[in-house]
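The structures come next, written out as structure tokens.
Consider the two complexes below, in which chain A is the common component and chain B and chain C are the respective partners.
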Partner chain A sequence: MQLPSFEYLRPATLREGLDWLSEPGTDTAVVAGGSDLLVNMKLGLVTPKRLVSICDLPGMQDVTEDADGGLRIGAGCKLTDLLQHETVTGNYPALADAIRAVGSQHVRNMGTLGGNLCLPTRCWYTNQSEQWRESRQPCFKTDGELCHVIKSSARCHSLNSSDTAPALIALGASVTLASRDGTRELPVADLYFDDGVDYMTMRPGEILTEIHLPPPTGVSAFIKVAQRNGLDYAAGTIAGWFDGAAARLVLGSIGSHPVSLPKAADLVVAGGLGTKTIDAAADAARADLGEVSNLFSPPGYKRRLARSLVRRVLEQLADLQGGGK
Partner chain B sequence: MPRRPDFSAVGHSQPRLDGTDKVTGRSLFTDDVVLPGMLCGRVLRCPLPRARLLNIDTSRAEALPGVKAVVTAQDAAGIWLGINQPLLSPEILNHVGQEVAAVAATDEDTAREALKLIRVDYEPLPELKDMKAALAPGAPLLHAKAKGNIAWEQADDHGDPDAAFAAAHHVRTDHYVTNPTHNCYAEFHVAVADFTRSDKLTVWTPTQSALLFQKSLAAGFKLPDSGVRIMCLNSGGGFTGRTATRPHHFLAALLSRKSGRPVKIRATGDEEFIMCRAGGRVEYRFRSGVDRDGRLKVVDADLLFDTGGYVESQMIVILLTSSYLDALYPVEATRYRGRLVHTNNLPYYFHHGGGLAQFQFAFGQHVNSLALDLGMDPVDFHLLNAVEKGHTTLRGTHYASCGLKECIRKTARQAGWKQKRRRKEPLKGIGIGIGAMASGAKGLFKHDTSAAFIKVGDDGKATLFVGLPDMGQSSHTAMAIIAAEVLGIAPTDITVASGDTDLDPLDVGAFTQRGTFNTGNAVKNASLDARKQIAKTAAAELGVRPSQLKFSHGQITVKNQPDKVMPFAKAVFNTLHSQEGRFVMGRGFYNSPLESGSMAYSFGAQIAEVSVDPDTGVVTVEKVTAAHDVGRAINPRIVEGQIDGQIFSGMSQALFEECVMDDGQVLNPSRLDYKMPRAWEMPEVEHIIVESVDPHGPFGAKEVGEGPIVCTMQAIANAVADAIGEPVTEMPIAPWRVLKILGRRKDVA
Partner chain C sequence: MSRQIINLTVNGDRHEIAVAPNQTLLEVLRDELGLSGTKRGCTSGACGVCTVQQEDGRAVLSCLALAVEWDGRAVTTIEGIAEPGQLHPVQAAFLEYGAVQCGFCTPGLIMTAKALLDTDPTPDEAAINEAMAGAICRCTGHIKVKIAIREAVQQALREREPDAAPT
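Moving on to the complex of A and B:
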């Protein structure tokens, strides 16, 4: 596999980058760490002719504390660097653990937080070489009309495997999206569609510039289950947050988007983190799951795993709460 | 570490002679070979599991600047792989990824571009997805000669199985499945061919047998064997997968002949999974009977192997598995049926020990379940039943040495088997696996010969020439130790020269675990020949008979006459620098005196301890205690390394590895999605080396190349069954297979 040739652009300002990105007929894409994009370009899954690198733009690698006690993280911050910030590791343990779970050390050294949020969905029928894909009919993701994973499905079931997205959603984070028309704020939870092809709500010409975390409250945790330690996509992840008055539980790597579990969270808000409530919440999680595909592991396994993940993360939150955190 | 104190080289741990070169990157591999004018070759592959090739048009590819040769079926007429695969089929294609054409161009981009310019029209044909479809009545036949899509069948009885079953106190039947795997070599498939001379083809490639590659390419291109030169620099892994030539070897040669330039073909990521041809799906049915005392009396096995679209030499898997039914227990009778079934999957070959490691995953669990049926501790069952020294099997295999019971006893004691079984903790399990493995096996040719040359320079240093490849098992260092022991010099005084069929003495190769035993004996004989030549000089100068001389620590001494001593190097110097001018050159060979089969078997026992996560189904191997009878440990450090490596690979196959197949295509053809553990998952290992000192092995040595791995998978499987209350009968023991069982067994968690 070889990387096709492309033009690599380093804008001096965000404005310049946005202009280049919006130039019609140029087939331009945004690149941050490139740890996923370049692999997909090698596979011929995406074929941009120009890449606009955003990591060196002013502010893109900054981590600043807000006046209200929240945290602003530049989208181009390398994942490894973020683990050096005590504000991240100390105040947002769910995010820190999610970052530690990403790929391998090498991937984390190159990969960025913004990039991980924009991680393309993945499927073992499409993330293959061009020669491999020739064996099959095109699917929704390759401009066809079917899904190889769920044959009867009317949509693509590629998997969202971002480790940091569930954590940021659970922590109530939002992002700043910049375009030539200005900027807008969007909760991370609203960044995704439940669809393998149109997986992000970002509009063409937009660049994700910043992640905004609210002031740290309550307790948070993140758990990743994978078959091997490191360099492995998750079989499932979960992030949980609870401050006594509100709770959020979000599953990752189970479907085409991070799956929020409002029913389970409501039970926790109502009943706290006692054993009985935890069991009930774990059972309730299945109802929020919806259709689960056979991609990477059998659906029955994913459902059982989801139940276990809810129980584990709630037990962890209970421990943290009990520990006076 | 047990060793004979009077050995100066054998039994002393010696770091690999090429270790420094390997870790500093000085060692050269085939992909390092860059020849003047060399082209890049790439292969066009069939996208369908079964198709008729209607038309192929290569004109646009040939017209592309930079393309120097395009080959299709008409260029490859008369070249066959195995018994029924044309190198490039002119008509019917039987698996996804089958070779259709190949191009050679000045660079990789051009070669890739050229492939896209080749227009092929296919007519899709109904495919055979799996063995069930292939065996169904009315299924299309993939090969006219393979009636019912059975490519090969062997059925035989030894003893009277019907009578033995009738007399049995208890009979048990079990079914198992092992799924397709990939060898995951550190070094991808690669070949550089130089066929610019019509009478001589030179191929650089990793191999387990330069001899078999030479013969195969010579037959394909109708050259004498001497017209083919195989160059094997270093090999990044073998795992039984590099014993035969593959299409890319021939295609590189064809492209080189046509273009008049050397050509390199190197597998890309997912191509590696098509070119590899490791193990396919196997379905096992075992039925065995025991007597009232728990003695195993009869074993009946029925095995179905998915052999894919073609047959190369997969019948070896049937020969091997059939011969291991009575290898471990002195049974009265066996019944075996094995069938190779054609499907439109990849042509499967085998992975580790010719399919024996997977076979033992199934058989070892079956025997374990049988013991538990009787309320017997599996260790007691094995100790009651295991073969011993002097035993001859139903098939006539004789064990001149056998430390199996010692391995079982020592590993059970070391692991604390009895105590741990008594103190059963929830979701923790302990299991045992035992195994036997041949040290070389005659059957491929009339002979099973390895030969060796050794030359000794007048500086007292020797160069040893062998045809045995070293694909990571450290065989060359073992050969140097054997030669050093005979000559009484240090292994580091010896250079091992190998990897060029124009220079190397004949050697059948590094498979069937024959290296240490066969080539080791050849090296010993060659070294004895050289020693005799040196002894002649030394005896004359010291005024004694040659038989009175002792060679050790670089000195030649005389028994019981401590004042008479001569440095080894001086004796060699004087042999050459004399009126006669004799240059010291030893030669030797070894060939098993048997008609077929093996002279020596290694034995082993492993105990695995696992824990199971009830929420995720993930199995963690915490510890493996391994005892192996290797006859004599030539190089104890490497013996331990072999045990470690095979425990890792065995764990990897037992728990992780599976080529997920859909319509003949591997869904996970990458190191990312084809799960293999990393160093993190390596369990603690305790090694116990048992030395039974085989009378036929060099200094008593037997194999350690596959003996350990045949114990690992079954030991882990039996430990998992102990942890969760019932066996996982399908390999790999993936988390979802475990959780499915736990989901219905509330008693365990």
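Moving on to the complex of A and C:
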């Protein structure tokens, strides 16, 4: 597969990049690594006429510790580089394990954390060659008016398969979004819409520049289940965090956005990480999950998987918290 | 779509090449420089046959690297891992243990294994699995590949400390 034609721009400053991104009628996209964007461009799924590369911008590959004990990660940090930071691997194990779960080592050597957070949703009806797609009617994702996954649906059910998003949400991370009007801070949990086409809450002209982790507290863990251990999209992922007073559980690769499980988390906050509470939380996950599509796996499997992932991640958190029960 | 001159060092040789923005490093290596050892496979980052090494020794996929982003950089391809007429220890181990079936993925597997050993000279089983997961033999000949990599590790240990390494 060959890349379509485009213009490649390397801004010297963030301001210049933002100006280029906002120029009307230019169809400009941001690239930060490109291991996913270039594939989608080869498939003809996205056809930007200009690419603005942000990885070489000043500070974009920095990892700095905050005065408050938190961590600031430049959006252009290569995933492999982050695994060499002891602050990441030691203080935020859920994030480290999520990073290890992304693609293959080759992909992690090229891909960035910002890029993984902005990963486009995918579907087996659209993430195919152009010829393959032409054999079907256009769907919501390809400017049509139907969803091949759920025929009666009024929306697109493409899946968010970012491995790092659930981990960052569980850890309470936020991102900095820069635009020509200034910057705003947004919790990663608020970065996504539950919609396969309109999947990110970022506004046109915005660039995700930084990921901000709060000071490390409590215990965290991440689990990915896929058909193969290496280089595969997940059938489901879960990230969990618990510090005794608050808990967060987030499922990934199950729907169009990372799915938080507040009922299950509340049970953990109230009852701790004993066997009975874990059982109850796993059962509650089903109610939290709501409706799921049959994209990539049947809904029944997804619900059972969610239950099992909650149980497994809570058991891991219990082990981490008490060194066993 | 204007072409841009890039300075690219390939296996120690410096090249000045005019590239289009939509040309990948793979296309430049194969089509402009005639280095066809790096293979064109899935072209979507799933198979690893296009693996080359960047400056720090890490394995990257040349099919997903834009040539314009390699201006001023250096890359090592399968053609450059040993002196002409010689074999790199990983190549020698692949040969010795028959870690080749149809051979199409072999350059990618060897570059991936070499990148692993360059960054971690004594990888354990899990590290080998993790690194090689991104380079696929579609003939499914992975067992002998792993045997060859393990043997290349042992061979390097024997050469460094002739008496210490287990056989």
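Everything below uses one rule, namely that the second predicted complex is superposed on the first by the 323 of 325 C-alpha atoms of A that agree within 3 Å, B and C clash if a C-alpha of one lies under 4 Å from a C-alpha of the other, contacts with A are read in each partner's own complex, and residues count from 1 in each chain.
One rule holds in what follows: a contact is a pair of C-beta atoms (placed from the backbone, for glycine too) under 8 Å apart; a residue touches a chain by one contact, two chains touch by 3 or more.
Just so it is clear, the model here is predicted, and its values are computed rather than measured.
Novice: Using the superposition on chain A described above, determine whether A:Ser53 touches chain B (first), chain C (second), both, or neither.
Specialist: Only chain C is touched by A:Ser53; chain B is not.
Novice: Mind working out whether A:Gly34 is in touch with chain B, chain C, both or neither, as first, second, both or neither?
Specialist: A:Gly34: touches chain C, not chain B.
Novice: Could you say whether A:Tyr8 touches chain B, chain C, both of them, or neither, answering first, second, both or neither?
Specialist: second
Novice: Pick one for A:Arg304: touches chain B only (first), chain C only (second), both, or neither.
Specialist: In the superposed model, A:Arg304 contacts chain B only, not chain C.
Novice: Report for A:Leu231: first if it touches chain B alone, second if chain C alone, otherwise both or neither.
Specialist: After superposing on A, A:Leu231 lies in contact with both chain B and chain C.
Novice: Determine, under the contact definition given at the top, whether A:Gln131 touches first (chain B), second (chain C), both, or neither.
Specialist: First partner only.
Novice: Return first, second, both or neither, reflecting whether A:Arg312 touches chain B, chain C, both chains, or no partner chain.
Specialist: First partner only.
Novice: Could you tell me if A:Val107 is touching chain B, chain C, both of them or neither one (first, second, both, neither)?
Specialist: Only chain C; A:Val107 stays clear of chain B.
Novice: Identify the overlap between the chain B-contacting and the chain C-contacting residues of chain A.
Specialist: 1-2, 228-231
Novice: In the complex of these two chains, what residues of chain A are touching chain B?
Specialist: Residues of chain A touching chain B: 1-2, 124-125, 128-129, 131-132, 134-136, 148, 225, 227-233, 235, 296-298, 300-301, 304-305, 308-309, 311-312.
Novice: So in the complex, the part of chain C that touches chain A is made up of which residues?
Specialist: Those in contact with chain A are residues 1, 4, 20-24, 27, 43-46, 48, 51, 54, 58-61, 64-66, 68-69, 112, 129-136.
Novice: For chain B, which residues are in contact with chain A within the complex?
Specialist: 45, 47-48, 96, 108-109, 112, 268-271, 615-618, 656, 660, 662-663, 665, 667-669, 672-673, 675-678, 680-681, 734-736, 739-740, 743
Novice: Residues of chain A touching chain C in their complex?
Specialist: Residue positions touching the partner: 1-8, 34-35, 38-39, 42-43, 51, 53, 80, 100, 103-107, 109-110, 228-231.
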